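Read from first to last, the chains carry the letters A, B, C and D; within each, the first residue is number 1.
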Amino acid sequence: MRKFLKTKSLFVAGLLCTTSLAHAEDVEVLHWWTSGGEAAALNVLKDDLSGQGIGWTDMPVAGGGGEQAMTVLRARVTAGNAPTAVQALGFDILDWADQGALADLNEVAAQEGWDDVVPDALKAFAKHDGKWVSAPVNVHSTNWVWANKAVLDANGIAQPTNWDEFVAAVEALKAAGVTPIAHGGQAWQDATVFDAVAMSTLGPDGYKAAFIDLDEETLGGDAMKEAFDRMAFIRDNVDENFSGRDWNLATAMVINGEAGFQMMGDWAKGEFLNAGKVPGEDFLCFRFPGTQDQVTFNADQFMMFDQGGTVSAEQAALASAILSPSFQIAFNKVKGSVPARTDVDGSDLDACGQQGMKDLAAAASSGNLFGSMAHGHAAPASVKNAVYDVVTAHFNGEYGSEDAVTELVDAVSIAK
Amino acid sequence: MAASADADFKTRLQNWIPKLVLSPSLAMMLVFVYGFILFSVYLSFTDSRILPSFGWVGWENYDKLWRLSHWETSLINMGIFASLYIVICTCIGLGLAIFLDQKIRGEGLLRPIYLYPMALSFIVTGTAWKWFLDPGIGLENVMHTWGWTSFEFDWIKNRDYAIYTVVLAAVWQTSGFVMAMFLAGLRGIDNEILRAAQMDGASNWNLYRRIIIPQLRPAFLSAFVILSHLAIKTFDLVIALTGGGPGRATELPATFMYSYTFTRNQMGIGAASATIMLMTIAAIMIPYLYAELREKR
Amino acid sequence: MGFLDIDNATKSYGAVEVLHKVDISVQEGEFLVLVGPSGCGKSTLLNMIAGLEEITSGEIRIKDQVMNGVHPSNRNIAMVFQSYALYPNMTVGQNITFGLEMHGVPKPEREKAMQEVAKLLQIEQLLDRKPGQLSGGQRQRVAMGRALVRNPDVFLFDEPLSNLDAKLRVDMRTEIKKLHQNLGTTIVYVTHDQIEAMTLSSRIAVMNGGYVQQLGAPQEIYDTPANIFVATFMGSPAMNVVPAKVTVLNGRPHAEVAVHDGSMAQLPFSQDNLAAWDGREILLGIRPETITDLDGADRKSSNIAQMANRIVVTEPAGSDTFVSMQLGGRDVIARMRSDAEVAPGQDFNFAVNMEKAVAFDPESEMRILP
Amino acid sequence: MSQATQDTAIRTGRVTRTLIYLVLLLFGLFYLLPLYVMLVNSVKPLEEITGGGMMNLPQVFTIEPWLKAWSSAQIGVDPTGLKPYFWNSIKMVVPAVIVSTILGALNGYVLTKWRFKYDTILFGLMLFACFIPFQIVLIPMARMLGIIGLAGTTWGLALVHVVYGIGFTTLYFRNYYAVFPTELIRAAQIDGAGFFQIFWRILLPSSGPIAVVSIIWQFTNIWNDFLFGASFADANSQPMTVALNNLVQSSTGVKEYNVHFAGAILAAMPTLLVYIVAGRYFVRGLMAGSVKG
């Protein structure tokens, strides 16, 4: 076996030579969008392609926010049987590009002028060594707070704009016997909250230093301890049953008025809309207090796997279809996110969506757009998970803020 | 038998056919099990991250591994889980088998009920278990609506107790199977010995304690092998039930290894943990296999 | 050259030699019984003849063909096993014809052969049954049928009667003997039962510890056992072996043996060979049936000695009464007529047929007389 | 003493018996509980489930979730339900079970009746292989499948299951054949039967009980496997468990618990059937071999 695997690039090159030619007319897409809405959105893409005479081989593997799909991908690539396109997030794309496994989409990109319409923060993940390797689908922003308007109104709470106001609001809800914060105790949800809290506590520069540059001093600094203290406050204001809860069940608590707030990405909106709620009337969406100007994002992309050196017509068609304005709008309307290209007409989107587009454009132009740590857009998977470990252990009371900071520095250094 | 030089064709054929028949299985075993084990051990000394790569880093991965606090957690969990799981399954299995062996009416109905959990994977039953254990909608809630409001059962949400819910679900799945093995053992015992013991005035309790249970040794051993192998491989159960949480409180070596190899892109550390796992398994199983196989010779 | 030659056959497992240079030549039509206690190597030897175990060194020949390395099925032998080894999933008929089928005998011929054998063994009505439905005796017949149908050069029997109850065993024994007489086949038969060996065989090989202790006709082995092992193994109750001293009285060697009260009985030998042993210790072998009361003594014998001794226990067994006494410090059994008037504790005058007496060298345990 | 007329030697009093029945029934309930939860909730409309009362019987009975799970639920892009994946599973399970059982039987036969030097060590190696955690073989196995050209096929998947099932089937058959009388093999050899004839005509017809054990064991393990199915199958060969996972684990949107439960029961149906139908023979098979020394 070692002979086959002498060097990394040789290894992958060898794999790609054996890549099957069986799907000459089809594109095979590995993804984890299996819920009704997402599948409907993908169907837009599928129909688009079939209009061009290109078949769609569907390869869904749900579970764990794509973890399961990444395992499958690894097996597929190792077997020399890589799919045409794979749904992927942030650093995973760069990791695969490092392995030399991805296709060079520059030709398509040049034709379609991607460089001009995709924000730089996204390009950081969609391009590798100056080559387009991936087609971004959307941008989610993760530092949202969702609130039940009726509950807030009943308790005389206005939309909080900084941490202290947020604390006051939470205390008021608690006093009124409402669960202040709806939360699901899963590592990635804990980390999503932590993202927002850290951004508000450390400020954009501190966030960048800590989670993007992985600066040990910032990671171990006092501000970080403060962030953990705030996490402890949040922990004290969730209900007893939070552990292991799916995020959409937490959202349901806000929808039903059992809880006041939920910190969650923009995909939570779909739940409100599905429940027949109207943004601004029944529920509020606003940036996490203290992060009004910042946007932490994660973007779903389809990375294109090298199919034997050339980009096939089908693959090119798929990539261009993904970035076509019509698909971007159609998809993001369903998904709750905003388009990955900034030049599309957002008038079809709802109020939250339009707000999101505006925020994104503003943040992008003012340098306030940051990749989300919790969603793998700030640091590679190993670091991300190391942060998860510490955040979730702290959140579940395994150790205090002081220890959490030390653990964080340690865990990140092991994972680097 | 080594074939003599002057053996006839049929005899020579018969000498190598058995080996030939065994060889595909052996070849598969050597490549797909032992080859892969070696490969994995080798990887544990490399800088592999997302895919195997072959930069030699020596003991670095092991060093990192032992610095990770939740590797320790997962080992401790394994100890708690495996010992409780094996002991409880054996006790319940034996107890049920003994009870079921008392000429019970409806045995034909009860036996499949005890056995069926083994037929289901946790992908299937995970949600039901999660619901049942969830204090908000499960047992606790049901007890509350039935009027027992002080009833508390929130282990799955509790860092210190969550591992016991994993044990509970695991016991649910396999204790019936263990019961079947003991039942088979009980049915194989010669009734005359029991009658003789009764003539000697042994009470039922003594009959079981002194005569019957000692005779079930092979069943105990089989149960031990099957249970320990299931304990080591426990993976789906944790993923479906707690996802390793709350926090990392129910992480087991198998889930640890999986997450480092596949979701954290630290294949080297994953391989190191796999190597340690394999060595632990070997340390337990090899003496057992040696004793078992030697005896039979 | 015999019909079946076992020529210096040796068997070892690794470094352990379990059969030592066995040398037996069997004539056509002969009934050879290998007898000995368990672990003596008799079954190993049989398996070697069958080809089920390899020969480590030496040769086995059937009809002058060397059989070493020849597959069992090509040796033209048939075997009847202790457990009968009937294939449980086949009917009796299929069991009988399986071997023929394996040898490619066409179906009509198989049928014919099966019917003949079934008739011979009187199992025609069982042909459609499964072995599980048969009694022990019936299984035994089927097992023999399976062997017979092959019409082999040599029949091998591996303790075929040991799983039957006592009465059936005797019946089957007779049956096998009849079969041998009628068919005139060559048989090698393994048993640990010396009565079977005596009744069935034309020759017996007594084995122990991987050696053939003695090979000979049954009567020869009974009357002149080669050593103490053979002497005590063959015959039931076993031959009495007691320490004695040779004294020459009136020019004739006597065995001087202590009776119950320590006084010496002098038993004269028929032969003079032992004169050289004068004053030395020997082991005296006396078969139980040669110690009787005076009336029951063998009238044809020319050498009946008398011996007074005390009876310890009497055991009436219907046809005979067994009487035990102390002789030479050991328990000795005498076999009397059932109407002999004996009682425990009685001082009795025994008649010993010294014509049949045997003497052994106490050191080598080999027979020195006759 | 009247034991002679009794079947079992153990006698128990009336109170003890009542207690025994009570314990047995309680455990029966314990084992049935998850199935009950799944069944009850699979025939409720979704509103009734979200309204709470996990243990309650349905107020409105509906078969809709079952139909949906089987033929119209969204599995990925296409609303195909579990149906096509069911057949994928069958196509993978049947050959894998048959081949691994036959290989196990042959191995057991060789290891007990055609012993040779070091055979015990070989068996030990096979047995130890049962304990290998499957997670570590994923990557090298994927590469192997790629090399032999079986990547992403049902056959490749079946091969993987055969490889990792042989240890157990060999164990079962070896223990069973160990107590099978060797004299029968010898008799057949003298009768002229060869290696395979002996196996086919003599051993196999008597292997019913242990074959049942082996088949049940392999069938449930392979049918329930998720890891290999997800990793080594492609779009046309994904087994039922992967589809069920896609149905149940969808990350966003409304969770249709009733459909999930119905799907889960559907996915479990074949193994359940196997256990219920063959459970009786299972204990018998265990008795016949695998728990004996």
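We take it that contacts are C-beta pairs under 8 Å (C-beta built on N, C-alpha and C of every residue); 3 or more make two chains touch, one makes a residue touch a chain.
Not measured: the values here are computed from a predicted model.
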From subunit A, the most remote chain by mean C-alpha position: C
B-D compared against C-D, more contacting pairs: B-D
For subunit B paired with subunit D, centre-to-centre distance based on mean C-alpha positions, whole Å: 15
Gap in Å, rounded to a whole number, between the CA centres of subunit C and subunit B: 56
Intercentroid distance (Cα basis), subunit D paired with subunit A, Å: 38
Overlap residues in subunit B, where contacts from two or more other chains coincide: 1, 10, 14, 35, 39, 51-52, 258, 262
Per-residue overlap in subunit D, given as positions that touch at least 2 other chains: 138-141, 245, 248
Multi-chain contact sites of subunit C, meaning residues that touch two or more partners: 51, 71, 73-74
Complete list of chain pairs which touch one another: A-B, A-D, B-C, B-D, C-D
Of subunit D, residues touching subunit A in the complex: 74-79, 138-143, 145-147, 151-152, 230-232, 234-236, 238, 242, 245-255
Footprint of subunit A on subunit B - complex, ascending: 35, 39, 49-54, 64, 67-70, 130, 134-136, 154, 156-157, 159, 242-249, 258-259, 262-266
Touching residues (chain side subunit B, partner subunit C) in the complex: 1-8, 10-11, 14
Residues of subunit A touching subunit B in the complex: 1-2, 5-8, 11-12, 64, 67, 70-71, 74, 77-78, 92, 95-96, 98-99, 185-187, 240-244, 380-382, 384-386, 389, 392-393, 395-398, 407, 410-411, 414-415
Subunit D residues touching subunit C - in the complex, by the definition given at the top: 181, 183-184, 186-193, 197, 201-202, 205-206
